[in-house]
Structure formats: C-alpha cells, structure tokens
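Chain lettering (A, B, C and D) follows the sequence in which the chains are written, and residue indices restart at 1 in each chain.
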Amino acid sequence: MGNRSEDKRVAILASGGDSPGMNAAIRAFVRSALWENYQVFGIQNGYEGLLENEIRELSSRDMGMIINQGGTMLGTARSAEFQTPAGLQKAAANLNAAKIDALCVVGGDGSFRGLLALSEFYKGQVVGIPGTIDNDIPGTEYTIGFDTAVQTAVEAIDKLRDTALSHGRVFFVEVMGRKSGQIALSVGLASGAEDVVIPEEKTDADVVAKRLLDGRKKGKRFGIVVVAEGDDSGGAFKLAETVQQKVGFNIRVSVLGHIQRGGSPTSHDRVWGSRMGEAAVRFLKNRMTGVFTAMRGGHIIPAYLIEATVGVRAVEPEMVQLVRIMGS
Amino acid sequence: MGNRSEDKRVAILASGGDSPGMNAAIRAFVRSALWENYQVFGIQNGYEGLLENEIRELSSRDMGMIINQGGTMLGTARSAEFQTPAGLQKAAANLNAAKIDALCVVGGDGSFRGLLALSEFYKGQVVGIPGTIDNDIPGTEYTIGFDTAVQTAVEAIDKLRDTALSHGRVFFVEVMGRKSGQIALSVGLASGAEDVVIPEEKTDADVVAKRLLDGRKKGKRFGIVVVAEGDDSGGAFKLAETVQQKVGFNIRVSVLGHIQRGGSPTSHDRVWGSRMGEAAVRFLKNRMTGVFTAMRGGHIIPAYLIEATVGVRAVEPEMVQLVRIMGS
Amino acid sequence: MGNRSEDKRVAILASGGDSPGMNAAIRAFVRSALWENYQVFGIQNGYEGLLENEIRELSSRDMGMIINQGGTMLGTARSAEFQTPAGLQKAAANLNAAKIDALCVVGGDGSFRGLLALSEFYKGQVVGIPGTIDNDIPGTEYTIGFDTAVQTAVEAIDKLRDTALSHGRVFFVEVMGRKSGQIALSVGLASGAEDVVIPEEKTDADVVAKRLLDGRKKGKRFGIVVVAEGDDSGGAFKLAETVQQKVGFNIRVSVLGHIQRGGSPTSHDRVWGSRMGEAAVRFLKNRMTGVFTAMRGGHIIPAYLIEATVGVRAVEPEMVQLVRIMGS
Amino acid sequence: MGNRSEDKRVAILASGGDSPGMNAAIRAFVRSALWENYQVFGIQNGYEGLLENEIRELSSRDMGMIINQGGTMLGTARSAEFQTPAGLQKAAANLNAAKIDALCVVGGDGSFRGLLALSEFYKGQVVGIPGTIDNDIPGTEYTIGFDTAVQTAVEAIDKLRDTALSHGRVFFVEVMGRKSGQIALSVGLASGAEDVVIPEEKTDADVVAKRLLDGRKKGKRFGIVVVAEGDDSGGAFKLAETVQQKVGFNIRVSVLGHIQRGGSPTSHDRVWGSRMGEAAVRFLKNRMTGVFTAMRGGHIIPAYLIEATVGVRAVEPEMVQLVRIMGS
C-alpha cells in the first residue's frame, strides 16, 4: 500500500446531469483514497442527498463491476434548496457532523459553482472532477462523458445514413449542447455530415439550404445535417421546416435526446475518468483545495475551480472549417 | 453448380420503407438464381425505378460486402404514378421489354398490394419477400428487419435506463409501429419496461398513471414506458403530458425514430433474409407465382400474396399479459 | 395478481456453461411465480450450490436490472459430487429440508440429465429451461443464448473482414460447438463466409483448399472460413496449417473463444428467455413434472426431459447447402 | 474553395498493418487537397502497389461512405522488394513518371522508415500520418487506430467478465502489442483488470500468482489479467500455464487477435484521423517535407519523420501504477 501519512475522511458525490465515465472516476477516487489509507464516504443523489445526510462509507468491494456501467452508482440530482445560504449552511453542517475532511464533486460548471459556494461555509478541502457530456467547461480540454456521448450519436447517425441512402433522404439530426457546439462539431466531423450548425455561429437557413442544393447538383442523393440543440435556429425541427421550403424536398428530423447521456462508457472515458479520480486524491494528499482535475496539453493538472465557472469553452475555428470542407 | 433446366431472366426490387436484412435477401436471391443459371437483374429505387427503367444486370461480385450493410443496396422509393392503371401498364411494359420472366419484390404489405396489382398487367411470375421492420404482415410469423429494429430500440433503452436510474426518472419511449404493437411489445419485454401501450388496446392514462404510482410505492425510483407511435393516446409526448399531471412528477420523453430502420442487420435478420431470398428462387423454379416467402411454424413456405394484404397481424394476448406481469 | 389457488415453494438454479439470456429466464420464472403467489428461492452456483445449501429467497426487486446482463446472476458450476448417488441423495435431502415443492433448472443437456437423475431421489416437480449457446438439444428448436453467441461471433467476423479485405488475407475463424455445427452454420451464413466446416460432416482439406483457390480465380482477394471447434479436422489451427500447404498462401487464424458466452443478451434471447421462464411456471402450475420448455413450430410446449438427453440435434441439410451456395 | 496558389499533384498510400481510422485520414487528405485545387492520386496496396504502378486519380465522391469503415479503402501490404535499393529506385521512378509532387504515407514506424529511405531517391515532398493500433511511435502522443483497438478489446473483456463472474473463473486475455504495453495498459485500466503484464517490465509469475491469491483472500471470485502479446513471459498461454501451477486453480485463456485491427472506427479515431489528414495537406502547402503529423500536448504539429523511427514510445509509469492500484 501507499504512504499513509495522514488519517483523512474524504467524501465524493456526483452532481448535475449524469455522464458516462462518472463511475470510473468514483471508483478511482475511492480506491486511490483507500490506498492512502483514508476512510471514504459516498454521498447519494448529489447536493440534495448531502442535505438529507445520505452519507455511507464505501469499500473497495463497492467499486466492483461498476467501471463498465453508464450513469453514476451514487445517483445524482439537482437541488434548489442547496443554492440558498440556509442550504449551504446545512450542507456544511452535515459534512462537519460526519467529520468529512475533504469533499470531491464530479459534475459540470454548475456543480463547481455550487462547490465554490459551499466552500464559504465548509472549511474542509474541496476538489472537482469535470464530468459532463458537453465538454464545454473553460480551463480543461476534456470533461468525462464527452467521448461516449459523441460515440453514441455517431453510431446513431451511422444507422440513419443507411436509411437516408436507401431512400435518398436528407436528415437533420439534433444532438445535445445547449450552450456549446462541441458535441455537434465532433459528431458532424466523425459522421461525415454535410453541415453542422452550432450556437457559437449565427445560423443562416439560406446558407444551409444552398449547401444542400449544391450537394444535390454534385450528385449527392442524401445528406446529414447535425444541429446542436441550443442553436439559435431553434433546433432541428424548426430549422428543417424553414430549410425545407427553400430546397423544395422533404427533410426528416431525428432528435437523439437522452440516449446520449447513457450507455456503457467508452474506454476513453473509463481511462480518463480513472485518471482524474486518482488525480483528485493526489491533489487532496498535497493539501490543495478549490481546484479541479483539468486536462491541459494532454496532462491532468490542478486548475482553480473559479476558472471553470466563467463562460463556455470556445470551439476551435479549425474544427468548424474542417467540418465544412469535409462535408462539401 | 445446380440443375440448369431452364433459361430464366429474373429481376428483384425493394419497395416501401427500407429494413435491415433486405440486402441479405437480395444477395441470397441473386446468388441462388445465378446458381440455377438464371440471368439476374436489379431494379433501382423500387417501383419508381421500374417506371424509369433503372434496370441493370447483377453479378455475384455485386453482392460482395453487402450482407452486413443496413438499408438496401438497390435503393427504395414510394411511387404515386405506379399505383395508377397507366403506371402499372408502363411498369409491365418495361418488364416485358427487358424480357424479365419473373419479378421478386422485397417489401411490406403495401408493396405486396402493388405487386398483385401489377400482376394483372404483367404476365411473368411474381414472388414477394416480406421485408419490413413492423412484423405486422398477416400470414407470416416474421418479416425481415424486425429483429434489428427491436434490438436497436432495446440498446437505446439500455442507455436510457442508466440515466433514468441515476436521476430517478421516468421515461416514455416512443418506438415505431403505426398500426401494430409488435415492436413495442418485444421491446417492452426485452428492455424490462414497466408498461407498454399499443394500438391494439384502448389506452387509459389513468391505468398507466396508477401503474407508475404503484411502482413508486414499491420503491421503484425510475421507470420506462414503451409507447407504439400509432397508439390511440397520440404518441409518447401527448401521453406523457396527460400522465404527468396525474402522477405529479416529471416524465421525460424519447422518440427513437428513424435509427430503428438502419444499422447493420442482426445475425437473425441476415440468416432469415438469406433463407427467404433462397426460398423465393426455389418458388420460381417450381413455377409458382403470386406467392411470398412466409414463415409458419418456423419454416418458410409459399403463401398467397393476397393473404398478406388483408388487415394487420394480431399481437399475441400472452405477450401483452407477460409484459405486464414482468413490469409489475 | 393471478389466481392463487396454491401455496407452493419453488426454486431455480442455473447449471453448466452460462449463456446470455439465462437472467431473463430466471427473472421471468421468479416474477411469474410470485404472481402466482408462490414463494421463490434461488440456488447459487448450480448443483454444487445445492449440495452446499446455498439457497435464499428471491424477491421481485432482486430481479431488477438483470435482464440486460450476460452470464447468470445465480452463478453456475459443474459438480462431480452431484453425479454420485450420495450426491443426488444429499441434494434431494437439501431440497426437502428447505421444503421446496418444485425445482427449475436452466441449462444444457447435461444439466437435464442431472435433473432426471435427481428426480429419482427428489419427489417434487422438476422442470427444465434449455439454456446453452449451442442450440444442439434434441426436441427444441431453440436454446437460450444461441442468438447472442451467433451475433457476437458475427460482429467479430465483421471486424476481421475489414482487415482481411485491406490485406487480401484469408482467415480461419474458430467458433464454439464441440458436438454441433449449429453455431458455425448460422455464423457462416450471416457473416458471408466462403466456407464452413462442422462436426456433422467429414472435413476434406482438399475440398476446402479447392474452394479457396476457386475464389482466387474469380478475383476474391480475401476470405473467411468458419470452423466449428469440434470439427474432425482438429480445429482452426490444424486445418489452416494443412490447407495452407495446399493453397500456397498464408492463412490467419482467429479463435473467438469465451467471448461468445458473454455479453448483454440480444433482444431475441431476452424475449425467449422471458417466455420460457414464464412457461416453466405455467407447467408447474399445471402439475407437470419431468418436462422442459421446448420450442416447436415457434411455440413453447412441454416436452419430456428425456427427449433432450439423447444425441445431438441434427443440422438442417438445407442450411449447409445454402451456406455453400452463398459462399461460392 | 481555398487558396489555390499552386498546381500540385499529390498521392497517398497506406502501409503496414491496417488500422481503423485510416479511411478518415485518407478522406480528409483527399478532400483537403482537392479544396486546395490539387490533383489527388491513391496508390493501392502500399509500397507494393507503388512498385506495380497501381496509381489512380481520386475524386471527392470516391471518399463517400468510407469514414465509418474499418481497414483501409486503399488496401495495404508489406513489400520486401521495396526495401532494396533497386526497389526504392523503381518506386521513385514510378512517382516521377506519374508526375507526383508529393507523397503522403499512412502507417507505423516501419512505413515511416520506408518513406525516409524512399526520400533519398524521390525528390518530391514526403509526409507521414501515424496510423497503427499500437500507439508506440516516438514523438507523437497518438497514432490513429489505437482508440478503436482498445475499445474493441475492452468490449470483448466486458463479455468475458460476464462468464468469469458466473463461473468464478480467472481469465488471461492476450491483447496486441509486440514491443509495447500501451494497448495492454489502457485495456487493463478500462476493463478493471486485476493485473496487466507488459514488455516494458520483467514479468514475474510469482508476483502475478500472489496478486491473484490475494484477490481470492479478499473474496474476489473471478479475475482478468491482461497480457501484452510481446510480454517476456511468452504470451497468455505460457504465463497462464506457469501461474496455474502456483495458484492451484484453473486459468482460462483468450487471445483476442485480429479483431482488434478491424471494426468501424470510434468517433475518436475518425476525428483525429480527419484532423491529421487535413494537417498533412497543410504541411505540404507550407512546403514542408520529411515530417509527420504528430500529436503533442493535444495539438497536431509537424515532427521530423526520423524522430518516429528510433525506439519505442515509453509507457507512463503513472499508468502502470494506477492500473495496479485499481486492480488491487
């Protein structure tokens, strides 16, 4: 076993939307912490569960057979009460009552904001692990779950392409991404889409229509356009309706929806979930607080939580350009 | 090679909605026909292509690398013109001009109706292969594509269940089936759904709500209800809205849509697609006409096309009962 | 709930090799039995667990989240002791001590033979559910797990074909089937294999070589030959070595092995596992004993266990012929 | 379209073992080059095809429907003749005769060595794209195909775990990696393996045995050990035989083999294959030569081919440590 210099009691919870690979992160956090001889606790159902004192000790055995499961074995929830000063105080009190020395939260930017707010009342160490399918958190190149969500969407579009090809049809496929086009861009590139529309760009139905008509002229009998749900056009159904009138042929719509959140995590999410879970323990051991496991330049480093809470990570203009060239 | 008693020219087309396994059927038809020393032709884009004379000779090599592809390599389309007497006459004339002795059509009940209508003008042999994901054609226990469509929906719900479980949510999942609950029932049983609503039964939102509330009482934190798109409730969105008000908690909706039509066919659809393709050639060799490859008692037999065109195959009451018991 | 005319205590165990869909059968057995108001018990680790009294009551909740899991939640094992008269007596005594009125065994022909032997000492009702990937049990058209095993092998060969095509290579792929070519034939047909060799036929390396050379002449740059592990040639490695010398080019070998036993069951295995589990309870309710849930003509009927224990189910000659024509 | 400052004729070939995502790279190279108004040529079957003048012009349409296909649409081969001075001279002469201004090679370190050798005779620009499942090329953090190979192996082990758990068995699983443990480490981490043995470390059967026995003591009924094919123990079969005698229980072996090379590429390999294909064109446009598209710090930069040809990229000690902690 490892260097057991300290006797720590650490807890972990998942918050916000679930994302595949959270279990790998939890498992790695728990086993790495046990390796350091810490006592480890799991808090069920996110901040809500923290308010209700749903805290239980976790053993290495509890982590068996979860790495390949989607979702999160700790459950997750959104809590309105937690966001009030009274809620934060109660949460801190519960952590103190359970003698928790450090809290790790797996979640998105909202969950990190909650953790920062909590840290004004709770004086233990706090660390974050970025877990959200959106990959839109500033300060980190990767958030756990993104790869699985993209893969799921790409596999769905691979199926749609069969039927699009057989019938000579155009499909508008809506993927997740309320504020960010990260998922849409990767999905569009990987699925060989004709076009991608994202919240970061003003969408012009005339331009979309022209691209489809140009494709027809070149002999393309079918096509896929990937639409981020948060696109300013109002989503796939609305955009399809407008474009349909301009191009003069039927457009089918498919909204992939919640299947993108689930499913057995890809090996990529399992590996990076594990690495981030381990890094979180390392940060705690090194007496850090107020940081999260950020990927930068392919490495995991501690970055300040506050960095993750300002704005949305920008898309790379090169990706946008590449998708367009590939689909032309 | 086989017994080459005759010199026949046979053609094949796919019609109606595409379904996975059509390629296996086409491949088996073509290779079995070549084995009999027939000349084989493919008609592109269904009856529409027949009207436009999109007929080309097919070789064994053309059938390479298609058995694992979804959709249909011949393309498919719906044609309004074909359904007129003039259209049928033109179609017959095109077949005669190309000296086609026999025509095989892969498709659903609508396609079979078209084939029967055509056979009043076209005097060659006609055979059908039931290819539709709906499995709702009277007179056959199986139609090619059903297994893949069910499998695709079940895999999607396996993913949804991860997120349903993590968040303690109920999902209403809409699957294909405009007139028939066959897909919904198999999907519901295989995915461990709490309930299934189908066009064959009058749907009572109060009953659906009660089942969900009963589940909550027993401690079920989440649930899946499978809704056939043709259910009299008006589909998953409408039903969810109504039920939501009765149960007092949020219900998420997922419409699986066109992904159910595509995707690499399951081994089951490849095997039975192949067997039906081969059987169709055998029927032609035996000088049959006006028949289709029907599965009865697990065997493929020739059944009259007319049988397939009356009504919708009934669901088994035992299946309905079983799904309900399993989900309770 | 159902008609609760009786107060029965029923138990279920899985025996022999595990196969995907066993969990669906167990779940359906348990929930159907509970519906009948029976008390239900699970015996862990097959007959071995029965000897060790690993019996526990099962509730409906225990059956949650298992329908999509491969393997069996009850565990399985092979036991030498059980097969002795002393072992059978002890097993019967344990069932009597636990006041078990009826025992259901999910497994293959060996497990059924064990159940028949046990029934000479144990006077409760006994029923079997055919669960083995081999689909080689006489008296039933289907055994739970076959579809998943075939699907897994076909997906693996779909991957091999990519690399076979890129490199212009021939692969010999060994699939499961010690006494039977059922898996090999379905896999061969569904994966578009050039040839299949099975235990039911004498394998002639010269014929296999000739088919490959004929394919080369016709321009086939690559090929797949499916080899049943129990083929008289001695398996894929031996056969490849012999054939290699005759054809004069390299042959790669892939032994798929145990992955064929695992994996999330296909919807087909989940549906039929569920139906057989329910049927087993129905048989018990109807006071039957010494029977198993056999599929005949697409329906599940009670067949005598003894039928399942004599010989190996024959392959259909039409399947053999069809695979050869398709691969030519 | 892009800036068309030049009139270039560029060619691309794939060499060495095929790997999933090569098609994405080829597609992106071709379409990006066409965007620059270059004429683009594909060379079939690697350096061998170059010697045989298998050169043909490629259009944007030729790149349709390949991004989701495994293997490489250009074919690949290994050539002994090419490695001789005469072979290199002939290859250069063929490129010159076809007036090819620049050659792009997708492949591993051996292919890059070939390209460097060729560049002593051929005076056009040369660029490489790292395409090999092994991810063991010095100078780049990623090679196209690695993610898919790892994912395929992890999915296979997910299946094995079902049966391992049901039977309480230990499996030794051999994965690809002749000189490198990169695949084994990622697979081991992502599949929750109990142990991983790799060529970079001296393997001690006693240590492997002890870990398994320790696991048993803690109540682990089953286990997975991932073995890199190039491990000094001699591979999974040999190691299992030795360890079996030390632990006193049976160990099953599964050699995953060539399925790891094939299969539809993951979205990750499609995205990075596309980005590297595009980058290769950008390098050519910028008049670079003797470079390859290396990933460093998550970005694609031009690195000298010579860097890629010296030794094997080292594994991260942190990964080794992490896998061991997770499996303990």
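Things worth noting here:
The rule is simple: contacts are C-beta pairs under 8 Å (C-beta built on N, C-alpha and C of every residue); 3 or more make two chains touch, one makes a residue touch a chain.
Chain by chain, the UniProt names read as follows: A, B, C, D = ATP-dependent 6-phosphofructokinase.
Keep in mind that what you see is a predicted model, and the values were worked out from it rather than measured.
Path length between subunit A and subunit C in the touching-chain graph (shortest route): 2. Taking the mean Cα position of each chain as its centre, B sits at the greatest distance from subunit D. Comparing the residue numbers each copy contributes, subunit B and subunit C share more than half of them at their mutual interface.
For this pair, subunit C with subunit D, the centres built from the Cα atoms lie 36 Å apart. In whole angstrom, the spacing between the mean C-alpha positions of subunit A and subunit D is 28. Averaging Cα coordinates per chain places subunit B and subunit D 40 Å apart.
Contacts with at least two other chains are made by residues 158, 161, 165 of subunit B.
On subunit B, the positions that touch subunit A within their shared complex are 14, 17-18, 20, 45, 69-72, 75-77, 152, 156, 158-163, 165-168, 171, 252-255, 257-259, 261-263.
Only residues 2, 24, 27-28, 31-32, 35, 60-61, 64-65, 67-68, 141, 147, 150-151, 154, 158, 161, 165, 186-187, 189-192, 218-220, 264, 266-268, 270-271, 274-275, 278, 295, 297-298, 322, 325-326, 328 of subunit A touch subunit D when the two sit together in their complex.
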